[in-house]
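Down below are the structures I want you to see.
Below, chain A partners chain B and then partners chain C, in two separate complexes.
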Partner chain A sequence: MNFKYTAIALTLMGTLTACGGSGSDDSSTPDPVVPETGFSFAATEMVTNLTNDVIVAGYADLAAQGDALLLATQALVNSTSQADLTAAQEAWKAARKPWEQGESHIFGPVDSLSIDPHLDSWPLNTTDLQTQLDNNTGFDAETIKSWNDDVQGFHTMEYLLFGDGVADNNKSISDLTTAEREYVIALAEVFRDYAKQLDDAWQISHNPQDANALPYADLLTSPGSDNNTVYSSELAVIEELINGMIGIVDEVGNGKIADPFGDSLANADTSKVESQYSWNSLTDFADNIQGVRNVYHGEFTGSADKQGIIDFVAAADSTLSVRISSEIDDAILKIQAIAGNDDMPFRQAILDEAGRTRVEIAVTALTTLQTSLESDVIPLLSEWNPQ
Partner chain B sequence: MSKKLTLLAVSIASVIGLGTSASTYAAISAEDLAKAIAKQEAEIAQLKQQLQTIAKEQAQQAESQKQIEVTQHQQQKAVSDVVTNVAAAEDRFSQFSFKSYGSANFTSDEYFDNVQDTTPERRNRFDLERIVTEFGYQFTEHWSMEVEIEYEHGGTGAALEYDGFDEFGEFESEIEAGGEVVVEKAEIRYRPSEAFGVKFGNIHLPIGLTSTLHKPNQYLTVLRHKSEAAMIPAVWNENGIGVYGEISDFHYQAQIVSGLNSEYFRTYDWVASGHQTRFEHVNADDLAFAGRIDYGNFKTGSAIGVSYYYGNTSGNRNKSNKLNVDGTLSIVTAAAAYVEGPWVLRGQYMYGTLSDSDAITLANKTTPGLQPGNFAQLGSKSQSFFVEAGFKLDDYLAIPMTVFANIDYSNPLMEVESGTATKRYENTWSSIGVNYFPIPEIVIKAEGGLQQVAVASIPDTNFFALGVGYQFSL
Partner chain C sequence: MVSILLLSACGGSGDEQPTPTPEPPVVTYPDFTDITASGGDTTTYDAGNSGHGFSTPAPNLSEGDLALHLEGDANFEISFTTAPNIEHPELDGLGPVFNNADCNSCHQRDGRNSTPFLSADQTRVKLGSDAGIFLRISKAADVECTQGNAANNYCAPIPVPDFGGQLFHRGVLKARADWQENAFGGQADVYLSYERTTVTYDDGTSVELKKPIFEVENPYDAPGETKQSTNITSNLLQDDVLMGWRNGMPVFGLGLLEAIPEAAILALADADDSNGDGISGRPNWVFDAIKDRNGDDNPVSLGRFGWKANTPSVRVQSLGALRGDIGITNPLFPDESVAGTSLHDSYLTRTGFVDTGEDENGEPEVDQALSDAVVFYAETLAVPARRNVDDSDVREGARLFASINCSGCHTPSFTTKTSGDIGGSDIIDSLKGQVIYPFTDMLLHDMGDDLADGRPDFLANGNEWRTRPLWGLGLTQTVNPQAGFLHDGRAATVEEAILWHGGEAQNSQEAFMALSKTERDQLVSFLMSL
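What follows is the complex of A and B.
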């Protein structure tokens, strides 16, 4: 009996030793030939380029447009010239452009410093806005900064400059009251300050409370360095960039367009249309996707070719990189096409049967793009072999 | 005759014969005798042995009898011990107290999608509002303790909220105050006399009537008074120490407690969300004073009283470098109750001031990561009041029912330091309803009313609520 158990024990021990041994054998034998998976791509140039030439350049533009907008509104103080009001309206639209394009990378300081709600709170609180107009004489920027966000920023200025937008977007200079002029100038000053703060956060220090904090641009371009507590690797940066693109495609398709659109003409709600006073909604939406295009291609349209996410995608799958590119362009075209042949603003289009059909086509294009980014581009992150 | 003789002869002969045989017998008997004696001796020995055995058994019996007696004695002792223990346990149990109260509600309100929306939509909701358990123990005549644990909204640790005031209406994940299972009170009391007592630990502040009257049978409305919740933490508890007592019909309280944190002050509920419940530790760099004096007893009947709160709020900010002003908060309340016969009449006026409200607003708006959103602007002055009037029908209809009318008003943004305060947060709720007590421990309530916002463009809305509440104590 004892012999029998000993024999079993020995057999078991032998088997176990054999098993254990097979693991340690690997170190002594050459690495097995791993089938080549994934793709290789050197991302440093792309990240540096996207950071400096797209994001930082965009916020620098926003800050410059903020200065221009302040000057344009200041010209309204005592003006009776319709051209001055038109110039201020154009300055507003010009400032709107880099901001809307920048929504494709709405991470970092714009989020952590809460600058987004200060600049672009929507909907506007017209009731409180009227209260402020009725009860104040002389507006100053510092006071306005302490007010709630729904009576300042882009849409408050828009309302004052363009009117209520129900029938048209052409306010007459004679309809601009003294209080409205003073208010819009003070708002433009507040806007300029925040735009400057945002620009500084990217280029000088990402935390105004901490003198030693790096510019946010440096955090993107030097992931994994000692004092970079935000990004540990280039992978994290690329993931942030791609998720930024997905975020705005989702917001435009499922929020900005779909919410006011409703499930039927009867349920369409124009009160939810963003930039309805200036009738700038379709330009906003197209600019949002243009921002995605900027990040994807790595340069503003018309500039010399530089590396963008497209090069990252192409390294893995050149067919996919072209497809995404055309889906982005298609989404922009379909959004612009909502205007139809008679240049219909979005708030009118959702109340028009033919317009609604065009809106649905645009939403489908956005959904297609969002699906591709989520199901085809995001998985590339796990297949990438960083170099 | 001869026959007679023969018989005689035979008899003689037999006697002789017997005599012969007897002599023979006499000859063997010595041996037999010895045997018989031996036999008898053996029997005697046996008997002796048996006697010994019996004696032994008797001794054993006596021994076991003794043991039985010992055991019985032990048992008696044990029984008496148990009796003593039970008495002691009963005594201890009588020092222990357990109370519980709770409520569940159905509400139907009209709400607005966003700040532009002036077409309200109706939303019906159920809420297991709260279940509260209270454990108390009277250590000695003078020392006692009490712990109150509250399970709110079913007692989960996180909640998802829909914020219609945000851009497109956003879903926000909110981790509640260390979960929605909250220790609402944990105090130790020393009360040597009716006139004077000390309590410390996590104690209730006597600011606002809801702190005193928070059980479902102690207020008439389905939900607690909205006016108070729009200004201060409802059923406000803080860490600290307080003295209290009762001298004739006067009740007094005075406390030093941890203060509020101005980082979380918001437009819509003024300083209420500054209640430090978000973190594991409560910052106590700014302490506050809370006091109250009542004539009469609000819990049991008619009374009048005033309360006062005073303290700074900036020192308790987590980001201490954002603000170097005090943010001094003071709140005063005046309340009265008339509970007599079929009448229940209660009311309270509350007024508060906050210094440096503009500076706090600006700091809250620009603290990285704090994200107060659109509700940073703070009232430098704030006010609210409520009046509830009830009439008990018990005597007239033989139904334990009270009908009531209630008005709640609050304006947390009554005045701002600079500029004009919006009237958006100035709310008035007027309602009527009934309280029905099927048994004294249970109350079923119904209430319907009107909510008015002091902004002309926002239409009035109607609300309806049903509630059931209970309370008991062991």
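What follows is the complex of A and C.
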């Protein structure tokens, strides 16, 4: 409502300016006093920066990690070296990082091209997976792409590389069967292809059927242009970015953590823990919120300061902008602290009284952050005067 | 308002005598021009510009209703798995043949699904998990069914023997007897290609249209057969099998559509075009599983949902999709849709009867509580507010929308009822008495041969489709940039969708083509504001 009111006031001001010089005493006519409402912020630089330096850069990194993961798994084909398996596990974790950080902006091609379910379907189908391992040899990527999502992607590769994760996450190279090696290599090739497709959708054409379609990055940076049927205004883009942040904070706190945590120790369910085979869950969760931090600050940690959502918020309320930043950092720290002094994985922490207390502290931090984003940041959209 | 300010501010500014200004022509805009609250009090403004525009709970829900809505939201995203799933028996029962494993895949972010794409080096693509589209199938009837009764199964489509009424192009690993050659195959493979044509306006501007061509091959009852095979044996590939393609639709605002008084819809019907405007909307009267379950002697209701208005309520639509599209049985539809087919019989025998459509207690695969929550969710999603209503092009587009009679079928507004039931339950408080702007008359119309699927569905003939609601139209590709329009996603833009209109919409389509480029753009701007 404030925004609409201000728009009318600005129209009035422009009208009077346009008619200036028509009277005999215009030099002495003071500008009309227009009541200020809301806040002003020029968003173009922020949107461009977030698109290119955070989102596109993140998916380019994912594509590069996909190449590296394929090479690392291919090294396993006849290997008896535990170091080769460890290297493949590390490559999996390295690919996992940009993906999890990217969940703070999980809109556009990752959704519309079904790349999210292809890469990150959960839970996996261990029954069908084992049946396929027992009945096939010479797995190839194109065939696997036609199979159901619950036997491909991150978590199927994770299961094959790390083992079942119940007692440990240290699979022995001698336990890696020939069929498992072939399957994980084919899965890594599938992963590489989808990561490349996602990168292309942001940088070359968002519609693989139409080479003339704009890159998705251009749709974010040219809202309201004639051929942009996705974003009608910078307001829409900023709304998308902020809601993306809220979405992943909600999912981590109320889904990824809360679902396996249950309402009591007796009802905790380790089978619902994502990335349970690699024991990478807490890193996943922290990376999810790190992704929020990247969008909020407009750069990856350690990079030069550029514009992010923090600058938009600061234009309205500098105190709030700092508070949100602190709440993001606090949520990351509280998630990491779930491991405790003995570096407990999440699936063990939810079965441990002290661990559960630490989980509750982390969830509280996430709830605080989510409430601030929903109650204090979203309302700024209706108070913003675009420039 | 702005025009008045301009004239007042600039008038009388000099010493010279003011020149009489001719009165501008009076332009009358339709009543709906300035409306933003498309869903009345259920309208959302907070997320109405972004990809979350279809996914927000109605803001006027009570605390208890919001909790039920959010429970349904979580259920809407459940990805069901092959049975048995020892760790999560509550999630198993998928298929054994199906079109997708969760609701969200066909209703991405509660909107339309992605239109399958062909990469540059492909002439056709096999439909898999990416496709939120499926085939309805039936046998051609010997005579047209015009009056439903128990003897003719209320004019319901005639199932294809050993297949049913819907083609499932996917399956669990061992769904087919030849699963080692056709892993995760369904009843048949489906391929998509496109036939392209160009439409040119008088001003020389042209638009390329693409019509999807679907081919069905490798049916489970005759592996390897195609329509080109000699001596076809498959039940599916017989010449009298009718096929119609169906895209997933947006799921917001559905409770409001069900709350439109039946009399208000029937008042718009004009089966014989008695007013001579070339438009003859007809209601579809369809079998109602809820009335049937309740022992109604005439289990028939007004069809409101589905591309041919072939289902009467959100409850029947949602739980029918749960059983049909995903293969998850539920209290309203407790039997697998492929029960009794040789595929199902073979599957049960080969797998030791692991998935019979029942859970470990002999109950349907999902319970009443989950079913109720999913239905409630679909009934109570908010309608996104209109945008840019002050834009002069949008306003002019609204005027053109009415003047070329798009509103002849896309009826702008209704007021929902204040009492009674929807889907067999008391109407939800939030939906009562709302003035809504869905832009649909909820009736069937002949849309011409180019859009026809040739497949009757209850009283809808092969050329007829139900008028689509237009609310939220402009956010379609914000929610899913790969989404297409019309029943099979063939239109990549709103303009293409208009150009496909024929039959009763032919006059409006021709009037659209006769507009100037500026006017066509204004009309599209109005549609994008919805």
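Just so it is clear, the second predicted complex is superposed on the first by the 353 of 387 C-alpha atoms of A that agree within 3 Å, B and C clash if a C-alpha of one lies under 4 Å from a C-alpha of the other, contacts with A are read in each partner's own complex, and residues count from 1 in each chain.
FYI, a contact is a pair of C-beta atoms (placed from the backbone, for glycine too) under 8 Å apart; a residue touches a chain by one contact, two chains touch by 3 or more.
What you are looking at is a predicted structure, and each value in this text was computed from that prediction instead of being measured.
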| item | value |
| --- | --- |
| Room on chain A for both chain B and chain C (clash or fit) | clash |
| Contacts of A:166 with chain B and chain C, given as first, second, both or neither | neither |
| Chain B versus chain C as contact partner of A:236, first or second or both or neither | second |
| First (chain B), second (chain C), both or neither touched by A:77 | neither |
| First, second, both or neither for A:333, with chain B first and chain C second | neither |
| Dominant toucher of chain A (residue count), chain B or chain C | C |
| Touching partner for A:219 - first (chain B), second (chain C), both, neither | second |
| Contacts of A:378 with chain B and chain C, given as first, second, both or neither | second |
| Clashing chain C stretch [against chain B; choices 6-14, 24-32, 60-68 or 240-248] | 240-248 |
| Chain B and chain C footprints on chain A, overlapping residues | 112-114, 117-118, 121-123, 125, 127-128, 131-132, 135, 145-150, 207, 209, 271 |
| Contact footprint of chain C on chain A as seen in their complex | 7-8, 11-12, 15-16, 19, 22-24, 107-109, 111-114, 117-118, 121-123, 125, 127-128, 131-132, 135, 145-150, 206-211, 216, 219, 229-233, 235-236, 239-240, 243, 247, 271, 378, 381-382 |
| Chain A residues within the chain B interface of the complex | 112-114, 117-118, 121-128, 131-132, 134-136, 143, 145-150, 207, 209, 251, 255-256, 259, 271-272 |
| Residue numbers on chain C that touch chain A, as the complex places them | 1-2, 5-6, 9-10, 13-15, 45-47, 49-52, 79, 81-82, 84-85, 87-88, 101, 105, 108-109, 114, 117-120, 126, 128-130, 170, 172-174, 180, 183-184, 387-388, 390, 474, 477-478, 480-483, 492-493, 528 |
| Of chain B, residues touching chain A in the complex | 113-117, 165, 167-168, 267, 319, 321-322, 358, 361-362, 365-366, 368-377, 418-420, 422-424, 455, 457-458 |
